[in-house]
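Structures incoming, each one as structure tokens.
First subunit A sits with subunit B, and in the next complex the same chain sits with subunit C.
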Partner chain A sequence: MDRFEIATRQAGAVSVVSLRGYLDAHTAPEFEQVLQTLVDEKHVRIVVNCSGLNYISSAGLGVFMGFIENVRSQNGDIKLAELTDKVFRVFDLLGFPVLFEILKREEDALAKFEKT
Partner chain B sequence: MPSRSSKKRKTPTDASGGPSKRGTGPLRAGSPAASGRGAARLRVPGLTGRLEEIRAFVSGIARRSGFVEEEVNKIELAVDEACSNVIEHAYGEERPGDIDVSVRADRDRLTVTVSDNGKSFRFDGVPVPDMKQYLSELRVGGLGIYLMRMLMDDVTYRSRAGRNELRMVKYRGGGNPARKKD
Partner chain C sequence: MAENAAGGKRFYRNWRTGFAAAVGVLVIAASLRFLPVRIPFLAEQVREWVIAAGLVFLWLRMRKRNPFGGSSLDRKIRLFGAGLLGLGALGRLVSLLESWISGGSALLRLLGTSLFQTVAAFLVTAIVIGLFGLFRDLVFVQQGRRTQQLFAAFELSVAIRLLFAMLPATDRALVPASSQWAEGPNPPLILTAGLAVLLGFRCKWIPFLNRRSKTGLFFLGFPVAVLFMSQRESLIEAVLPFSAAAGIVISSLLTAFGAYLVISLVSLLIHLPTAGLLDRRMREVRSFQELSAVLGADLKKDALIAKIPVLACRMVEADTVCLELDAGAGFRTASLHRNRPDSPEMPPETVTAGIRKQVLERARPVLMNNAARGVRGRKAAGPSAGSLLAAPVAFQSRVIGVLYALKSDAFGFVEESQGLFQAFAHQAAISLQNAGLVEQSINREKAEEELRLAHEAQMRLLPQSMPSVRGFDLDGVCVTANEIGGDFYDVIAAGRDRIDIVVGDVSGKGAAAAFIMAETKGAIRALAGRHRSPKDILCELNGFFREQGEPGLFLTMVYAILTPSRRRIRIARAGHCPVGLIRKGGVRWLEPRGLGLGLADDRIFRPGIREQEMTLMPGDRLFFYTDGLVEARNAGDEEFGEDRLSGLLAADPSSDAAALVRSVIGRLEKFTRGVARHDDVTVLALRCGVPRRGSKG
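Up next, the complex of A and B:
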């Protein structure tokens, strides 16, 4: 079943990771692997485009938590963009918008990186 | 350059004609067992790959019984967290087992029961995280029970004779009437 897909591309110095489908305890390891590879290759400026993401559980949120300290310590960041209302509500429920920058559009998130 | 995925869409291969009966589908037994009459049941192996099926099962019933989409989403997430906990903690990799999910829709509430035969735990002993502290310390994991309690109106756990049962209730129209005192 291909109910979860990850696509990665470079937009200048920023890596854009696009998620589709659902991010739960089953698919979170795949996402974790992709972020790990990026970080290993020193790609620490990351935008996660969630426009195609229709579900997230705490296992998915945990992946974001697991990398944020590492990338910020290397002057990078993980910014989120284009969350559906459903997915945003889960982030919001746990107060994640305090910790993560969440932008409406991918280009807004990319622009934030350009300023730094 | 955007990466292209060229995954082929899977097509059903049961083109031999005629309805095929399969024994692995959801058990929608109406037997008056532990969860009462009229409960829809699903038994699946405790594998993360089956979470999607569990979510679809529960959210389908919640939707059909009249819960609005936002409430359906909460129920779906709470059940996912409960089952993910069973898979990760009650069973673990060394001794996998089945998860039983039963959903009962009553006039004023939806009751979801998640049962397993794995390791039990002290449900009331699980601390409620201080989210401010949690986020500032960049912790990972351990949010499942907290989420269940936030998303559902009533969550109870019991373990007896090697059988663990987590029962979660969502009232219609938001909130437990018994709690509306404040």
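Up next, the complex of A and C:
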């Protein structure tokens, strides 16, 4: 299995978190840690780029759910971008499109933040 | 006495009686000498033989049963010294008395020789024979066969001297009246003296004394030796007039005692300067053993870490001991012990870094005895160390830490302490390792136990049997993973002509997931009777989870309500995998909209969920599953996938639900052969029966 990799960079006021590999019960805590750090530092405008994400389990999905309310209460948001079809299928089954803004490209997500 | 008459054996066996009898014979035989009559030569010889035999008997008795045998070494040394002192004093008294008597009246001379000398001679003999046992014990401390042979040789030489003296032809040439030595050296005498000197070197008890005893013994022993050696001859002279045999025995023993006394004193003198060091080594070794035992007894790692510096402090008599452990990202102080408020503080990190490097590179202790410059940091806040000893805490060449001992004084540590300190550090490493292993295995056991309980809980939550439904057949299976995946299913006869089918998956894993499954099952059973729409039931469950659950934890579920008589089924889906409808060799996926349970409030959840209702045709099959099925991977890291599942279902010729479930699980097992299962897999099938008359027509 591929390893899980996570990278964070700033694009203006927005933090871009790029995920690669497998996000499952074993790697979810790592993702959780990164999001926690961002939120602690008041970086609440977050784009998660999933272009390299091969697999996401329910534990991985749970990480998004664990932060969204907190982030939104601080006028921020978590937007998802560049999901592969397979990963989108998992998000879609669960009904995530109702809860999260899911965009085709990272730029689109950044642009959405600029509008607000 | 009656007892004596009863049996000779008992007489000889009885030590006291034997002893007393021998003494009695000796007294009588010796006293004959002082009768104011001249004894014929032959009678004199017989008397000598009797005395010799008596002394030999006593000698052998003492050899076999030493009355001081049970005493401690200290006590034996003290008794031996006191005996020698007594002998010296007695010798002096005898010579004083003799000069006084010889200057007195005729009556006094007669009484003196017959009374005073008799008493003196007996006293000397008794003390000397008594000391013999002590002497022999001291010689044998820490000695082996060689010494036994040497001692036997010494006894033999005494026996030879005795024998020479007994031969009538010698005219007692070997036993001069005035002095043993005045006669000039004779072979048996030289032999006895030589052996006595050799025995003198058998004083291994000296190293066992502590420094105080050694010093005390030396200063007390010295005057005793002077007195004893100066009075030696007067002691012999006190005995000699009574009997040549007694004289020979006494003189031999006194020679041996004297040699032993002198050589012991010299030996003590040699040992005195190192006595303190030896004392310390003894303390160190003893405490090492004690401390190792204490270390080994503790299996809690934290307690051990706290204890190690305290014990190390005691062992090398350090003022401060610090234990550093490798925390993964470098060495950190794990525990520190300072003996007194003014104990030195650890040098700054810049200094310890250098010492640590040396210790790690050499993998053996580093001693800095004059650490004035090396160890003191320029800006050391508290009292600084004069000397420092550091050792690697290593186990099977893996260094897990460093142990530092500090002393205020320079040259505080002896070179020899290094080895022991290292041994202690090694022992500490082993103990830490053991504690770690024990903790690990306890944790593992706990985890395994938790997993086992969770498995049991999960299994109990699954339906034990399927309700029979007229016109339908149903089958389900849950294949659990090593980690509890949180899958569950239930089939509930929720009313007349109503069967509820539930398949769900909790997002968490392990015991927490099992707990939520249990809660959910209870909630569903309670809700099933109260609502007629699967959508309402899921909304209620969502509300329940929003109240109970924690953020990030959710549940996916498919809820289906079957009305068997009308072959109607209503399905609602909360974020779960779609339900497959297998009809006439094709598969259609039923996927009404719906969010996972616990993801959003009712405001969002309720509008987002749809219900799908349909009438089943005879032969239709519904296939429910959890994501563990399509996400299962084979050895080539390929997913089982929805497409493969679709193809499998479409082509499946099974005529009943159980066969379909078997077929899918069989296919999955073939696919994932050799790969560990990461998630639970649940599969449930419902088949709408074909009426008999229908098949006929």
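Convention: the second predicted complex is superposed on the first by the 114 of 116 C-alpha atoms of A that agree within 3 Å, B and C clash if a C-alpha of one lies under 4 Å from a C-alpha of the other, contacts with A are read in each partner's own complex, and residues count from 1 in each chain.
The rule is simple: contacts are C-beta pairs under 8 Å (C-beta built on N, C-alpha and C of every residue); 3 or more make two chains touch, one makes a residue touch a chain.
This one's a predicted model, so the numbers in the text were calculated from it and none came from an experiment.
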Fit-or-clash call for subunit B and subunit C when the two complexes are aligned on subunit A: clash
Chain touching more of subunit A, residue-wise (subunit B, subunit C): B
Contacts of A:Met65 with subunit B and subunit C, given as first, second, both or neither: both
Which of subunit B and subunit C A:Thr8 touches, first, second, both or neither: first
Touched partner set for A:Arg105, first subunit B, second subunit C, both or neither: neither
Subunit B and subunit C contact sites that coincide on subunit A, given as residue numbers: 1, 24-25, 55, 57-59, 61-62, 65-66, 69, 90, 93-95, 98-99
Subunit C contact footprint on subunit A (complex, rising order): 1, 24-25, 55, 57-59, 61-63, 65-67, 69-70, 90, 93-95, 98-99
Contacting residues of subunit C [partner subunit A, same complex]: 483, 505, 507-509, 551-554, 556, 574-578, 591, 593-596, 598-600, 604, 608, 627, 631, 633, 637, 678-679
Interface residues, subunit B side, partner subunit A - complex: 1-3, 5, 7, 10, 48-49, 51-52, 55, 70, 73, 76-77, 80-81, 84, 87-88, 131-132, 135, 138-141, 143-144, 147, 150-151
Complex contact set, residues of subunit A against subunit B: 1-3, 5, 7-9, 22, 24-26, 55, 57-59, 61-62, 65-66, 68-69, 86, 89-90, 93-96, 98-99
